[in-house]
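Next come two complexes built around chain A: one with chain B, the other with chain C.
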Partner chain A sequence: MLALRTSTRQSLAGLLLSLPSGALLVSLYVAPMLCLLLLAFTNYEMGNVDIEWIGFSNFSRVLNDVVFKRSLWNTLLYVLIVVPLSVGGGMFIALLIHARRRTRSFYEVVYFLPVTSTLIAMATVWQFLLHPKLGPINSMLSWVGMSSQNFLGDPTLMIATLAGIGVWQLIGFNMILFLTGLSNIPKELYEAAAIDGVNHPVDRFFSVTLPMLGPTTLFVLVTSTITGFKVFDTVAVLTQGRNQSEVLLYDIYLEGFTYSNMGYASVLTLIFLLIIVGLSAWQSMHMDKKVHYG
Partner chain B sequence: MKRRPHDVLPSVAAHSVLLLGALVMLLPFVWMLVTSIRPPHEIFEGSLLPWPQEFYGWGHYEAALLNVPLIRFMVNGVLICSGILIVQILVAVPAAYALAKLHFFGKDALWIGTLAALSVPIQVTALPIYIALATAGWLNTYFAIMLPFFLSVFAIFLLRQAFKTFPDEIIHAARLDGMGEFEIIWRIVLPSYQSTLTAFCIFSVVAHWNDLYWPMIVISETKLAPPPLGMMFFANAESGSDYGALMAGATLLTMPLVLIFLVTRKHFIEGLTMSGK
Partner chain C sequence: MALNICSVSKSYAETQVLTSVSLNIQAGEFLSLVGPSGCGKSTLLRTIAGLEQQDSGTVEIGGVPVDDLRPNERNVSMVFQNYALYPHMTVAQNVALPLKMRRMSWQQRLPLIGRWIPGHTHIRTSIDREVLEICQSLQLQDLLTRKPAQLSGGQRQRVALARAMIRHPAVFLMDEPLSNLDAKLRVHLRNELVALHKRLGVTFVYVTHDQSEAMTMSDRIAVMDQGHILQIGTPQELYTKPANLKVAEFIGTPKINVFQLRASSPSHFAWGHVELETTCPNQEALRLALRPEHLVMDPERLGDCGIQTAAHIARIEDHGSELLVHLTIHGYPDELFTSRVPRHDRRHALSVNQALTVGFHLKHSLFFNAHGQRIEVD
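Entry: the complex of A and B
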């Protein structure tokens, strides 16, 4: 009898305590996602009273949308530059820093600094650094006898330049994750490897460190890819998508909020969601999450 | 650890690489600071010297503060971040406790919903939430900036995992002493997880201090802009003509988080990296 009363009391308390979260989960996630799905089949425009059900028209429009295809390609290119450099670079820096004793925290702070700083403010600094006439980077290029480049105006350089800034911002973040991974490798493994005759640092890296960093590497790869697909801030400040430098989120932003094509923007958003959720799902299938919350 | 002679060379090589990398990482910060105290004619000559030939004083800072409501942007940032954080904690902590320690109807649904929502970024839900806010006439309000973030599924996830480890005996004892669940949460359970909570606070504040996407959608009035949006208005208005003032503004808007980072280094790094963004 007492047990029953306790369980009823618990059940009631649980409901009450999770009510605000549940209500917000429904109104901020479930309902918006359902709306998005419905909007994708309509021609809804902001401020327009008529909504028509237009079936799959928005979806077939995607196939002929040159701007969207370009933004998808640009985003892929951005990801293909940012991910290897920020993951490989982050691992490399972490390996170097991990062996330091007295200077370790100095390097940690320096490499992590870009992660903490407001990207929009730093983007304007990069704009100045890369300025065709006033910027020190071009001054240095002409000093060593190379011609100056319009990094943020030349269509062949824009995405690579944005990706460079992306690497600068992300590398310190990945470095910290790798440092955590490195300090979780048991010392005994290195001793055991030494007994087996693995003495050269390069052999040690490939036979112990790299395999033991496997889960960390997978995690860092996936989160970096997701971060890459979400590139928006630097584009919004530095190129505004001009000279064909649109990226996925910037295109969605333009369609949805500047041109008010809500229905069409919903389809583009669904494609974006598919990419992000696909990556997250792939990650959770391949790894045990708790490794990274230690 | 004894330093053997053949260890010295790799160590020198490692330091060289690290220092070179550090230089690249720091270049934007150094250039921002130097330009903010450099006289305009030096800026326009494209000086390569990493220090000003003559000190310009605080002129660019005065210009930045006079032309743009930078202080207002920062006050907005503080109000928005604290508003979001307070609601996030008030909402997430009880739910996390209920999920960790109680049995109730709908528990599984809430947990599955939380896990699913973890991978849904704001850019996905932005469109419908924007339509709702616009229909209600609530655009250009602090409430509009904060609303989508009142629920932090990440906070629920993180705290639920933490609370799982709290000993049940203590909770039973507290109940026998006549404490209600609400009191147990705030006075007994939560105080044991201060470092988790601190890490989350830092994560939340940094994320929302730096967020551009959502404020850009719901805010068009300069006076309501948080720092990143304010910086963007500033950069667009200057259109690249007055880099001295722009760099002074960037310095002022970047300063708060960088200072907090330098002071609370360990917590800060923990707060940002536990998420994987």
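Entry: the complex of A and C
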């Protein structure tokens, strides 16, 4: 029997105990990433048996890919609309609802409904609402004297329309998170504020509510940005990428599963992942300094 | 300034929290509100502050009714049990906030752009100077840039005090400000608060459930129970002449000994098996209460005690300077009573299960009727 020192024995036991979860972590998260990285250097096509190593040519193709650039721009625009509106709107609605007593749960359910409903099903409703001729939204526009719009066909309007649906989908979820954040603010802080003369709601918001919501806001910002970048279902169902309405995930889906260019799709996926990881890390690190954790 | 509370009542839904409470607090007085939890003392304090609205009754500060005024317009400051410091602000910002709210216009208070509004710098400088002064008087000057999370409990307490002091209020309201601190610091801060009260000379209303805090700090104490004030008086009065059995039991540690007296004949009562030479007509039941220091065991002092009986020692607590001896007393087999023995009185050895004689002098005993009211006995 080997006489091992206690510390050695303990670290061996530790390694052994962490082995199962470590193995799972590698096989479920790290290995697929490595596969993705390897595929990016090949011309692999779905169903094709021979794979060739083609070096960086997939990467150089990205630089001249007009569709990819457009989808990147469209996605950025989408995120720039969805994140401020869904985060700011979610916070605003949470503030309105928070003080309600009897009606609060009613509002919570109403705003949360879009989160629970599947978009594929709701798409039909949106298609009807936004229909250029039959849709109620257009009839309202013509009623106030504006010309009717082809929301899901006009390239200048499409991304904004999709973003509107994105906000509709996300705002309830963000609101619930903000409501939790609001109920975690100690009541005494508001009482101390009342005694200190912080009476106006705007003062109260900037002196107590907003700073105390810091951690929640950071979390909601990061998750909303990720959700925004991952926009896919609305595009797939409502526009199918028609009239230059491609977004990143839809482009990847087209390249990989419709055109079978798995190698190229892998490169696009890598870029997508880099954007999300980079942005989340930047948001967290930059904002973390300003956020107070109580 | 004087503080007058006139028949204030308050209820939440079905629960009556304050029942017609009246209280007159003199200018510069240190008054403590004590009582068990749920007795309404905090609600009364919050009503004075304006954080709760009473259902009826009036609150006057300096002779002026303040019922329709907002908390900040009442010229009161409050220190909360958990300090309620703004966790995202530095010590200096916490202390400065009341002045900022009072002296700056809303444009000047705006985040980011406020500093460009005319007059901001001038007000800012004067506020900073006052903050520094107050913080220096509480030895906080080295902590100005810290956040509350980086402070110890005692330091947070002092920041809360500084924030309360900076407006120079007429009345200080304190809601169990020491209860979150460890025992040693609590005793130390008691003295600091008393010194602060002397220095500022303003009215203090101090809520606590700790009777020893109230006894050691206050000019007067109001004992509350179930929304009523049971008695108001100096610590000495409450200790020696409690109006009520609840007050007698609440004030003083260890708790006062309470004996149920046996009616031996109409108007005559017995303590266990000892007939008392007192008459007390028209009483159905009578209780006798005795402070632990008046339940005597020392043979030399027993001679002065008119009333004596047999007892057994059940347990001895050694507190260093004194002993607390828990006894069973003849005639009260199921109860334990406490006798306080100063260290220098221990001329004879005491041990558990020892049989001995205990006694007391009738002049030290307090009598309470069936309703718990204290009565004088001939």
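In the analysis below, the second predicted complex is superposed on the first by the 248 of 294 C-alpha atoms of A that agree within 3 Å, B and C clash if a C-alpha of one lies under 4 Å from a C-alpha of the other, contacts with A are read in each partner's own complex, and residues count from 1 in each chain.
Please note the rule applied: contacts are C-beta pairs under 8 Å (C-beta built on N, C-alpha and C of every residue); 3 or more make two chains touch, one makes a residue touch a chain.
The shown structure was predicted, so the numbers you read here are calculated from the model rather than taken from an experiment.
**Student:** Report for A:M212: first if it touches chain B alone, second if chain C alone, otherwise both or neither.
**Tutor:** second
**Student:** For chain A, which side has the bigger count of touched residues, chain B or chain C?
**Tutor:** B
**Student:** Where does A:F178 make contact in the superposed view: on chain B (first), on chain C (second), on both, or on neither?
**Tutor:** Touch status of A:F178: no partner.
**Student:** So, A:F68: does it touch chain B (first), chain C (second), both, or neither?
**Tutor:** Touch partners of A:F68: none, neither chain B nor chain C.
**Student:** With the two complexes superposed on chain A, say which partner A:F151 touches: chain B (first), chain C (second), both, or neither.
**Tutor:** neither
**Student:** Counting only touches as set out at the top, which of chain B and chain C does A:P20 meet: first, second, both, neither?
**Tutor:** The answer is first: A:P20 touches chain B but not chain C.
**Student:** Applying the touch criterion given at the start, work out whether A:K133 contacts chain B, chain C, both or neither, answering first, second, both or neither.
**Tutor:** Touch status of A:K133: first partner only.
**Student:** Name the contact category of A:Y253: first (chain B only), second (chain C only), both, or neither.
**Tutor:** first
**Student:** Counting contacts the way the document defines them, which residues of chain A are shared by the two interfaces, the one with chain B and the one with chain C?
**Tutor:** In the superposed arrangement, which is not itself an observed complex, chain A uses residues 292 for both chain B and chain C.
**Student:** In their shared complex, at which residues does chain A touch chain C?
**Tutor:** 186, 188-189, 191-200, 202-203, 206-208, 211-212, 214, 292, 294
**Student:** Mind listing the chain B positions that touch chain A in their complex?
**Tutor:** Within the complex, chain B touches chain A at residues 1, 10-11, 14-15, 17-18, 21-22, 24-29, 31-32, 35, 43-44, 46, 48, 90-92, 94-95, 97-99, 102-107, 110, 113-114, 116-121, 123-131, 134, 147-148, 150-151, 153, 156, 158, 161, 181-182, 185, 206, 209-210, 212-213, 216-217, 227-229, 231-232, 235, 240, 243, 246-247, 249-250, 253-254, 257-258, 261-262, 265, 268-269, 272-274, 276-277.
**Student:** Using the touch rule from the top, collect the residues of chain A that touch chain B in their complex.
**Tutor:** That would be residues 7, 10-15, 17-18, 20-22, 24-25, 28-33, 35-36, 39, 46, 93, 96-97, 99-101, 103, 105, 107-122, 124-129, 131, 133-136, 138-140, 143, 168, 171-173, 176-177, 180, 201, 219, 223, 226-227, 230, 232-233, 236-237, 249, 252-253, 256-257, 262, 265-266, 269, 272-273, 276-277, 280-281, 290, 292-293 of chain A.
**Student:** Taking the complex as given, what residues does chain C use to touch chain A?
**Tutor:** Listed in rising order, the residues are 46, 49-51, 70-72, 76-78, 80-82, 84-89, 97-98, 101-102, 106, 109, 111, 147, 149, 163.
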